[in-house]
Every structure is written in C-alpha cells, then in structure tokens.
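Dropping a structure here in structure tokens format, bear with me for questions.
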Amino acid sequence: MSGILSIIIAALFSQNFILVKFLGICPFLGVSKKVDSALGMGLAVTAVMVITCVVTYPIYTFILLPLGLEYMEILVFILVIAALVQMLEMLLKKFSPGLYSAMGVYLPLVTTNCAILGIAESVIAKATSAESAGFILKDGFFMQYSMGTAALAGLFYGLGFTLAIVLLAGIRQKVDKLNIAKPLRGFPITMIVACFMAMAFYVFTLIG
Amino acid sequence: MKLKRFKEIALDGVVRQNPTFKLVLGTCPTLGLTTAAISCLGMGAAVTFVLICSNVIISLLRNIIPDKVRIPSFIVIIATFVTLTRMVMEAYLPDLYSSLGIFLPLIVVNCIILGRAESFASHNPVGESALDGLFMGLGFTVAITLMGIVREFLGNASFMGIELWDKNVFSIGFFSTSAGAFLTYGLFIAGFTAIQNAIERKAQAKALKA
Amino acid sequence: MSKSSSFVTSLKTISVLLIICIVCGALLALCNDLFYIDEETKFNRAMQKVYPEFERDTSVSETPLAEFKDLAGAGSVSKVYRSKDGAYILEATGVGGYPDGSGTVTMYVVVGGETPNVEIKSVLITGNTKQSWIANITQKNIDKAYVGKNIKDVASLQMGNDYKWGGATMASTAIMNAIKSAVNYCVTALKLVSTPESEARDAAVALLEGYTLTTVVDDAYTTAVGANFYFTGTKDGADDVDVYVFGDKESGHQIVALKAGLTHADRMLDTAIVAKSEGIDNALVQSAQGLSHIESQIRALAPSFTYDVAGDLSQYATHSDFADTQITSAYVCNDGTLAIVAESTVGVFEDYTPGKLTMMVVIANGKISGFKVISYGGHSYFDGSIGNKNPQLYVGSAIDAIEYVKVSGATGSGVAYYNIIALSAYYARSISA
C-alpha cells in the first residue's frame, strides 16, 4: 500500500517527469500557450503512457527478456509506441469524434515525446544484481515494478505531466501579455517561468 | 560553389539553425545532463554519431522508402544506431554509459535527429546530409557543453569533473538543481538571440550604408 | 487496373518497411554478439567504482548472516561482496539520522588489508532517507574521518567532534552507525581481526549456544560491576539474557549470563544465591567460573562475607497456615542476613489462576529487608503488582508481626506474596529459635 502511495507521490511531485526528470520538455514548451490545448496534450500523453506501460512491460518481461533480446528494447518500444499512437488516433476518430477533436490532434506529437519512451524504459524490470548495483550509483529512480504498478506509474506520471503543463499554460497566458525585453520573448521567458515552477517542485524532492 | 555550400551547411548547423539555442530541439538532455560538462560532451558525441549515420542511410534510401512509411522507417533506422551506440558505449565507456542514464536510449526521440531526417536528409544527396549531420551534431555538442561548463562551474565549483576548489567554500548549488537548469537554458537562449539580433542589425546597417 | 496497382504499391510499401526492420534487427543481433558484456563483468564494473581492484569472489555468501547483521543495534548490513584480493565491500545502512529515530544513510564500505592491519579503504554513500542536510558533509570529510583507520579502532568508536559535521549532526550519526555496522560485521562474522570485544563475544557465544549477542556500549552496569563487556542476547527472538564478560582471552574469560530484567549486577548477592538455588545450568549464571567470579567480586566488597545453606529445610519448609507454599532454599550470611527462596501456587482468586510465584526474601536484624521476584506465572495481575507496591508493603516489618495487607486490584497475587513472605518469616523465627 505504501509502495503504491509512494509511486503516486513520486509521479506527481517528487519525480515529476517535466520539472524534476526533464522528460517531455518539447511539448511542455511547445503546447503550453493555452490551458485548453495544454490539457488536451496532457491527457493525450497520459492515455498513451498508460497504454504504453501496459503493453511494453509484458513485451519486455515475457518476450524480450526470456529470449535474450534485451538489446532490441529501443527498437521494439519505439515501434510499438508509434503503432499504438496510430491505432489510438484511428479509434478515437471513429468512435469518439468529440474526444478526438479535444486531444486527437496532439496524438501524432506524442510518438516522439521523450516522456513516453522514458516511462517505458523506466518501468521495465532492471532486476539483475549488476544492473541494480549500477543504478544505486545513479539515482534510485529505477525501482522494481510489477505489471500493476507499471500501469499505475504510467497513469500518475502522465497526470504529473498534465499537472505541470497545465500550470505552465495558466501562467503563460498571463505572462505573454506582458511587455518583456525582446530577446527574452518566447522560449526564454517560458524557461524562466518553468524555473520558478521547478523551484516549487524541488521542495517535494526533499521530502520524497 | 562547393565550398559555398559547405560553408552554408556549417554555418546553419552551428550558428544560424543551432538546434539547441535557435530551434530549441532536443531540450530534454540539454536540461537533464548539463550538470556535468563531461557527460554533455559524451551526449554530444553520441547524438552527432547517430545524426551522421542516420542522415547518411536515410539519404541513401530516400528514393526507395515510400512516403507512407517514411516516419516508421526513419524511426527504425535511428533506433538501430542508438542501440548500436548504446552497445558500444556500454562495452567500452561504462562510466559515460551510466552517467547518461535514461537519456541515452532517449536519443531515439530526440527531435533534432528525426527533424533533420525529415527536413534535410530525405531530399538531399549523401555528402551534404553527412555534413549536415556533422554540423548539427557539432552545434548541439557545443551548445550543451557550454551550458554544462557554466552550470558545473557555478553549481559544483569544478571544470570537466576536476574540482577547482572546495564547493563548500563557494558554489551556487541552485545551478545544480532542476530550477537552475531551466534558468540557465532560458538565459542562454536569450543571450544567443540578443547577440544574433545585434549582428543582424549591424549587417543591415552596413547594407543600408552601402 | 488501378486497384491492383494500389495493391502492388502497398505491398511494396510494407515490404520495404519489413526489409528495413529485418536488416536493422540482423545488424543489431550481429553487433550484440560483438559487444556483449556478461552480467559478471557489468557487476564488477559497477563495483569497481566503489573499489577499483574489485573482482567478485562468489565462493562466499553475499547475503549477510542474520545474527550478525545488526550488531551495533543502530544499523544493518544488507550485502557482503568479497573481492578476489581479500577485500570486502559491504552495503550497510545506518539509522539515527532523524530525531524520531527514522532517517537512514545507505553506503558501501570497503574493508581490506592483511590481518591485523585491516582498515577502511573507502566509503561511498549511495542513498539516504530524510537527510536534507547531508550535502553539508563532503566526501573529503568522510574520507578524513574514516578512511585508513583500522577496523579494530572503528568498531568501538564513540561519537565525537571528529565525526560530527556542522549543520548535519544527525546525518553524521547515521553515517557513523552505518560504518560501525559494516565494521562490526567484519570483526564478528568475517573475523577479519580479533578485538577484545570479539574475543569476549566468541567465548560467550560458545557458552550460550544459539544466542545472538548485541553489544551494549558504555552501560552503567558494566562500570558498576567492573565487567569488561556487556551484551544483550536473544534466542529465537524471545529468550533475552544479559551477558557480562570479565577477564580477557589470556587470563580466561568469565561469563555471567542473567535473564534480562531478573537481576542486575548491582545485586550480585541475589545473583549468586539464585544461581546456587536454581542451579548453574538454569540460564542464570552459565558457568561455575562465572559464579566463582561473582563470589570473588562480593568478597572484594565485603572481605569477611561467606554464605551457607541455612537451617533444615525438611523441618520448616512448609506451614499449614500458608497453603501451597514452600521454601526451596535458604542461605545465611556471616552477618546473620538470611536469604530465603520460596515458591507459591496460591493466589487463585475467583476465576483466574496466576500460576507459580518464585521469590527471594531477604531478612536482616529480625526484619524483612528486601525481596526479589525471581519468576511468576506471567499473569497481568502480577505485572501490575510486581516489584512495586504489593511485596514492598512488607519491607521493614518485623518477622513476628507480618500482617496480611489486601491490595485491591491485586488480591490474588497479594495472597501469594503474603504467603511467601510470612512463610519466610516463620522459617527465620524457627531456625533462630
């Protein structure tokens, strides 16, 4: 139980994909001009993250690992993600045009989003002692997941992503109306806004 | 003519279309890895290698690959080279391998690489595509290494992993945090844009005078 | 016509994609064979960051032995890796990094060198919980404090300014605890060096088979008794003993093991008497050597002291007034003090049976001067009255004027206390008469 809770807290705050782990920065900067579009992007990412976790985790654990094909991991994952996104887009178009118009347009952008491949890479079991010894020296981010927690991680890391991007969009809507020095307009001021958000989220990394 | 084209590609890659500061692509590793300049260099080298290889292959296959499966084919080719880089790095440079961490497999989805494949390699000859890959990669490497040097110096009081003085004596730990990454990146882009604008204005003024 | 050509196009499209996939897959498979790194090498590489000469020696179990994991009582060892050159990398966690007792620091501790110069080679912190200020401690601080020190010295290290760093004193404690856990494991389980403490522990463990001993540092009793080492021991998680070790390896260890909470070394007399009456093998004093040591300690305090079996047990051991109660042993000291051990199974009150109460009553100058509960049935009513008000009520009473005092809430156990004390008084009167 506390394991699940710690995944949720980590996913939303202390290991927030955007503000702490720097994964999925491109849409974070690109699709955060308006709250509506940010929400659509966030939900699209969340949906794809959950599906990705549910699909890639068993592929890695039950197919690649037993066959000794771990090295095909990147290739397989990215193809699976691309196919999933394509399928999701087609399904939405056919069965839920409303939802498609809300978030469907962001789906093609999701394929090449670091956050998706990032979560797929993160949840696969790095179980061998050598790997875990290596990761201890790195950053404790790689915890051992099971099928259920992998899906849960997908959901909440996605929601963490949504949280960050919607917050940024809310601030940007105000900031973009201000008169700012010319070189700072656009990306730089967005980065500085993100800097303050990251400062706030930094506090969560201390308690986590 | 050839030299002019070479100069154009080089200037585009490193300055005019600098992927990090101008196009703002490949932001994830730029923010995530710039706490240490050494891993920036490693990341830059890895990206450059993948960029050159994928540009060359895609340029070679540009008339064979049907338009419909363009993107999946590019992704497969890029993923292959990333995996290759990862294997070699794990075998011969284990330290770098572990310091790049998750950002190494994520080169696959680095927008710079797919972007160059789409916008340059898929309709340019092999030689130029290779050059474009080289200089785009170089532009990326120089940019993130610069940021890495600044952040490492301010946040950790060291240069390329060599400790300059005890960081407890003087260092601004803020620059090692995620917030520091955003701020540094933002200021770098602003500075880059400001300098570029100034140069352009000078050139315009010169043209006007003439 | 157009339909078949679109079919051909899509067939071509798919086959191109497939061919690319197959070629890429084949290329990767080929390269994987070329660059494959086995798990063993990966592991060695990871560990070489901690200790550059590391080469895994799997002939030794890497899971630490449970009974030695937590010797310092403030941390634990989770992995023990042996290198082929004889060095060890221990993964240890220390607690005490946060005021409420939580807060941990996890680290690798490298220990190596030829006996007896086994020293700490390096310390690398890998993780922590609740240690927000740990950044105030640099690797240099830790290296200066610990690296190069003989593990013999580190094992008995006390917290001091050399190991405490400003702004992070709690984290410093957790770090020291982790290092001490690792070092203690090296001393006691791996036996890389022998310290007086480890020798004492080995001797005690040889005597108390199956017990796990935890060192108690700087215990007031150790000082009061003059014992060199004080351990607490458990067996199967429940059987607690206090173990005092006197002497050293050269002159021979003398070991006294007492049931925890039963008696302490400031009551040496109790211990000796209980040991004689209950028998040495009864987990009280575990060796004749230990008992003789206690006696010599008592004599050192009171040179003329002797004690002997007092009176004739067959004659006065029971009395019809005190049902189900009998004296099992009695001793008289040369100053006339009597120590009487008696047991009682009365105390049945309404619907509960408290079980057997065994108690020692000390009688001096015609008065009840003290008592010691040795064992009791374990009923909560005894828990409430034990060691405090109930038998305490009789202390100071003259032996010919013992009156039953009813204590509400402990009526049944009160009868047992009364019976033993009154029977002891009767015995004392009878043998002095």
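Residue numbering begins at 1 within each chain, and the chains themselves are lettered A, B and C in the order written.
Basically, a residue touches a chain if its C-beta (ideal position, glycine included) is under 8 Å from a C-beta of that chain, and two chains touch if they have at least 3 such contacts.
These numbers were taken from a predicted model, which means no experiment stands behind them.
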{"item": "A-B compared against A-C, more contacting pairs", "value": "A-B"}
{"item": "Chain whose Cα centroid lies at the greatest distance from that of chain B", "value": "C"}
{"item": "Separation of mean Cα positions, chain C and chain B [Å, integer]", "value": "58"}
{"item": "Distance from chain B to chain A - Cα centre to Cα centre, in angstrom", "value": "22"}
{"item": "Rounded Å distance between chain A and chain C, as computed from the means of their C-alpha atoms", "value": "48"}
{"item": "Of all residues in chain C, the ones touching two or more other chains", "value": "21, 24, 28, 32, 42, 45-46, 49"}
{"item": "Contacts with 2+ other chains: residues of chain B", "value": "72, 76, 79-80, 83, 87, 98"}
{"item": "Contacts with 2+ other chains: residues of chain A", "value": "71-72, 75, 79, 134, 137"}
{"item": "In the complex with chain C, residue positions of chain A that touch it", "value": "71-72, 75, 79, 128-131, 133-134, 136-137, 140, 206"}
{"item": "Contact set on chain C toward chain A in their complex", "value": "21, 24-25, 28-29, 32, 39-40, 42-43, 45-47, 49, 126-127, 132"}
{"item": "Chain B to chain A touching residues, read off their complex", "value": "24-25, 27-29, 31-32, 71-72, 75-76, 79-80, 82-83, 86-87, 98-99, 101-102, 105-106, 108-111, 114, 177-183, 185-187, 189-191, 193-194, 197"}
{"item": "Chain C partner contacts - residues on chain B that touch it in the complex", "value": "61, 64-66, 68-69, 72-73, 76-77, 79-80, 83-84, 87-88, 90-91, 94-95, 98, 166-168, 173"}
{"item": "Contacting residues of chain C [partner chain B, same complex]", "value": "9-10, 12-14, 16-17, 20-21, 24, 27-28, 31-32, 34-37, 42, 45-46, 49, 135-136, 138, 140"}
